[in-house]
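Think of it as A, B, C and D in the order they're written, each chain with its own count starting at 1.
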Amino acid sequence: MQRIGVFVCWCGSNIAGTVDVHAVAEALKTESGVVFSTDYQYMCSQAGQDIIKNAIHEHSLTGIVVCSCSPRMHEATFRKTAAAAGLNPYMVEIANIREQCSWIHKDMLSGTEKAIILGKAAVAKVNLNAPLTPGQSTVTKRALVIGGGIAGIQTALDIADAGFPVDIVEKKPTIGGKMAQLDKTFPTLDCAACILTPKMVDAAQNENIRIYSYSEVTEVGGYVGNFDVTIKRKARYVKEDICTGCGLCTEKCPQKKVPNEFNLGMDNRRAIYIPFAQAVPKVATIDADYCTMLKTGKCGVCAKVCTAGAIDYNAKDEFVKEKYGAIVVATGYNPISMEKFDEFAYSQSKDVITSLEFERLTNAAGPTSGKLLRPSDGEHPHKIVFVQCVGSRCENCAEKGKEYCSKICCMYTAKHAMLIRDKYPDTDVYVFYIDVRTPGKAFDEFYRRAVEEYGVHYIKGMVGKVVPEGKKLLVQASDLINGKQLHIDADLVVLAAAIEPDKSARPLATMLTASMDTNDFFTEAHPKLRPVESPTAGVFLSGCCQGPKDIPETVSQASAAASKVIGLLVKDHLTGNPCIAQSNELMCNGCSSCERVCPYGAITYEEKEFRMPDRTTKLRRVASVNPAVCQGCGACTVACPSGAMDLNGFKNNQIMAEVDAICKM
Amino acid sequence: MQDVKEFKPVIVAFCCNWCSYAGADLAGSNRLAYPADVKIIRVPCSCRVNPMFILRAFQRGADGVILCGCHPGDCHYSTGNYYTRRRMSMLFSMLDFLGIERDRTRVEWVSAAEGAKFAATMNEFVEKVTALGPNKRLEDLRCKQ
Amino acid sequence: MNNTELKKEILRISGVNVKKCMKCGKCSASCPAYDEMEFHPHQFASMIDNGEIEPLLRSDSLYRCLSCFACMERCPRGVEPAKLIEAVRLTAIRKQGANRMTADDVPQMLDDNTPGQLLVSAFRKYTK
Amino acid sequence: MGVIMKVTYFPGCTLKNKARDLDEYGRKSAEVLGITLEEPKAWQCCGGVFTTANDEIATKLSSVRLLRSAKDADQPLVTVCSACHNVVKQTNHAMKNDIVFRDRVNRYMAEETPYNGETTVYHYLELLRDVVGFSNVAMAVKKPLAGKKIGAYYGCLLLRPGKVLGMDDPENPRIIEDLIVALGGEPVIYARRNECCGGYVSAESPALAEKNSGKVIDNAAAAGAEMLVTACPLCKYNLEKYSSKLPIVYFTEILAEALGIKEEVNE
């Protein structure tokens, strides 16, 4: 039996004005378990708190009901008061008789009546309260960043700067991501490599950063502060620690016809390759799909020319197991396939290209050494048409495109158009747009410069059909402002392809039990207030894996994610919320209903031995809640068919008791 | 002889801690009145509300039960209110089958900023329940004291 | 019928939701009969939305649409302008004596190779 | 080749007179490829164009009757003319998916059992691809069309609306090209192969048809095509009327030629 003290606050006249506080205190005196009841002007004041503390001592109280303002206001205060007097803070309940009573009711009679009922409900609940102690768990002081693009690199650098070790796992042979493929960056037009490659080098040289390139995460277990991660290090057939990156092998390899993915297949590389000159780590990788030695056992040229002896044809995939306190997802994006948009003749003509291909075409390190030449015949194009929103804002064609705006295309297209006009003033540039969206710092000014200073023809309307004929691309489009259908004989057509999350994101989300939206972007814990955290504790989001973003936005989010990780890693222990789900193992039948509704993946199953009434033991499958991961929403408690799952602090019988007290029948 | 009193319904309102309870607090801060018949029970999330709680309320003589949660997509626990929506539509069709008038139950999404909506919803709900009169059908007479 | 009623009628017959249109003009960019039309596919969507139906009903554009469905196929929003044009055209020719083509017109269309399909289709489109 | 399948075959109006080639080569080739084409005793013209208005009932009834007769025979329905294919398939789609339309049609028809879009409708080309298989077609070829550069002309009715017809990717179709390859020819891809020839509007505005057809032919010729194949009598008529640059034949004709039965048909 509890010994409950009731403390009714006047809140000056805020409560006492419409609620007869003495009557409330008197009425609650007779409730079951109540041994003390009083009222006071300001219960939250020092004097008020002292009344509570003294009463706890004098009356050996085991539970407290404060009838006052909203628990959102002073629950924490009164819990501290109780704790200071040696009472478990979770033995305190608040009856909200201000916001939900005195402030909204005008007459004393009904206000008092309601306040008494609210007080009774709180007393009924406290009668069933039990002391709760928040769980504690340790924190592994190492972070994992999945993805080595600009988002991952920035996050890793920031975490490492704060003194914590970080591992970057990158599936490609080098870090750098999409940004490494770009030529210039908007709106300042500084070269992407000039600002990215120093960061790549920083990452490589930072003693707190370890780079697992050509690697993938294959398994994630554990929870916030204590993740167990398995990383597959794919066989690159070159010993990373021995290879000096001299590149001799990549010059001598006889297999010359491998499409170079770094240049989006617009030129070829060898079967052994270093993706680009500033690759980090700068070591060669053998492409097993094309290597003659690996396929037929005959060749071995690279091993012969390698003076360091780094080639190892017998290499196998290796699996590394690591422990991490926090995980950052930075898996990035890809342009969507243009296969289903053949009204633009992408599959029919080499001179219809995507914007990313255009980046390589104007990049000094690209297949044309930075000269803008038509892929089909190497001639200089004099008329170029850009098509915006190819596959973006596409509602009807879910299987072709994306419903969302890809956000970056308006700006990079303005950049491309401007760069062409700057370098080749004899070239006419047309941009077909639906809307020009430039809401960023110095963005609209940038776009206007393309129009006003560089003379780019911006035309409101879409392209309907591109017809390759002879050396020309006949572009049929609408000009909505002038009410015309235009026919332009272009030399090059550039498609602003929508971007989508990397394909690796979906399986990764499953491993992390992190949630995703229908477009496979990771969802954030709160769209406005917790934009870099995933709802899964200890998992953070950086860059385009969360939604389309340009470089400035990506970098800010990367740093924000890093600061959240640092905030987690500086802690030695994590204190949980004790109001979490708890399973009664004797009642649990192991059906998995709770596991399926848990948004955090906090529930797992284990086989446990139970002593049966007949003294035999039996192995049963029962649910087990991870206290470090559970956030206490209670979804599982309702899903549980046997009633085994309950929520501490909001137990079934507590809520029922409140219902009964209110219904007073 | 006892006077025939004006019917005052008993209304139980379950409010999630993050949105609707805060919305109710805001209604209070703004002094937006709604009938004293409404008594709020705080739950962490609308998905914590077991349909059993609602049945219990009706058994114990509640005349109406309203459940408030965050707007779809805004749930503090990301998906809780979707479960609520599904569970309650099941429960309501069962209550319908039992002959409990549809207007005695309601699910409403109220955000922490919607104090006015909270008050308006409660006013409207109480009005409808009052019009229906006392709940007799599910009342468990064994509970009567 | 006034314009509001006409609009309702046309939306009902066509089953099209004109509100989905984001005014990109891809329909008109795809239209192979563009130059022959006074009002173009994207204008059908916006004029119907605005309730400006009378000018469309009087326009020869109705009879230039090839029903080739290019606009429907390429519309990123699923607006289906061809269905709108069809609905307006039917509204026009369903009126008494509003047939666009009569049997008297046939001889001048014929040559040695004219397929029956041409006449059947044209009558379907131009006559009620 | 033994008989693989018996199908209900709908030739349509034009195949009985002006487009007899399309029909006869198709029938003979089907026989060789193991498909028995059974023409229903009575059929009516499909109407040539499908009316997308969902309150149009009467103009679609002939197609529904046809679909029903195939259902009664428990056979798939095969059409060879693009226009018939378009009308019949769209009607079937509406009968399957538009409940209001379906109920109105069924009430009007007042048959014992309602028709709910159960029949599978194939275009002849789909039959070759999905039932016979292009590899089997290739094996049956006696006189390969060696070296002939052939452009496929799809026009509009064969492919669109893509979601309803489900024939091929409406912007990048392959089905006729794959057939040309199977027959030993060399397909020529050109962008205007799915642009309209001018269709029935040539009745009222020959200028429009002339312009459109001309563009198609010019584009195909520029891409190196020596001839065009089509499945539509109206396409063939328009293309031939407004340009003499390239010969236009029905796809069934090159099929019969490659199967070595062209002469047989012409005897």
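Throughout what follows, contacts are C-beta pairs under 8 Å (C-beta built on N, C-alpha and C of every residue); 3 or more make two chains touch, one makes a residue touch a chain.
Being a predicted model, the structure only gives us computed values, none of them experimental.
Two chain pairs, A-C and A-D, are compared here, and A-C has more C-beta pairs in contact (counted per touch definition above). With centres defined by CA atoms alone, the chain at the far end from chain C is B. Chain A and chain C have centres, each the mean of its CA atoms, that are 48 Å apart.
As a whole-number value, the distance joining the C-alpha centres of chain B and chain C reads 53 Å. A straight line joining the Cα centres of chain A and chain B is 35 Å long. Chain A has residues 343, 465 in contact with two or more other chains. Residue positions 35, 70 of chain C each touch two or more of the other chains.
For chain B, residues touching at least two other chains: there are none. Taken together, the chains touch in the following pairs: A-B, A-C, A-D, C-D.
Contact residues of chain A toward chain C in the complex are 343, 389, 393-397, 401, 434, 460-465, 476-478, 480, 483, 485. Taken in their complex, chain A has these residues touching chain B: 70-72, 96, 98-101, 103-106, 110-111, 113-114, 117-118, 121, 515, 523, 525-526, 535, 579, 597, 599, 631-635, 637-639, 647, 650, 652, 655-656, 658-660, 662-665.
Chain C meets chain A in the complex at residues 20, 22-31, 34-35, 40, 42, 70, 74-79.
Within the complex, the chain C residues that touch chain D are 12-15, 32-33, 35-36, 63-70, 72-73, 80, 82-83, 86-87, 90, 100-101, 109, 111, 113-122, 124-126. Residues of chain D that touch chain A in their complex: 169, 171-172, 189-192, 195, 218-219, 222-223.
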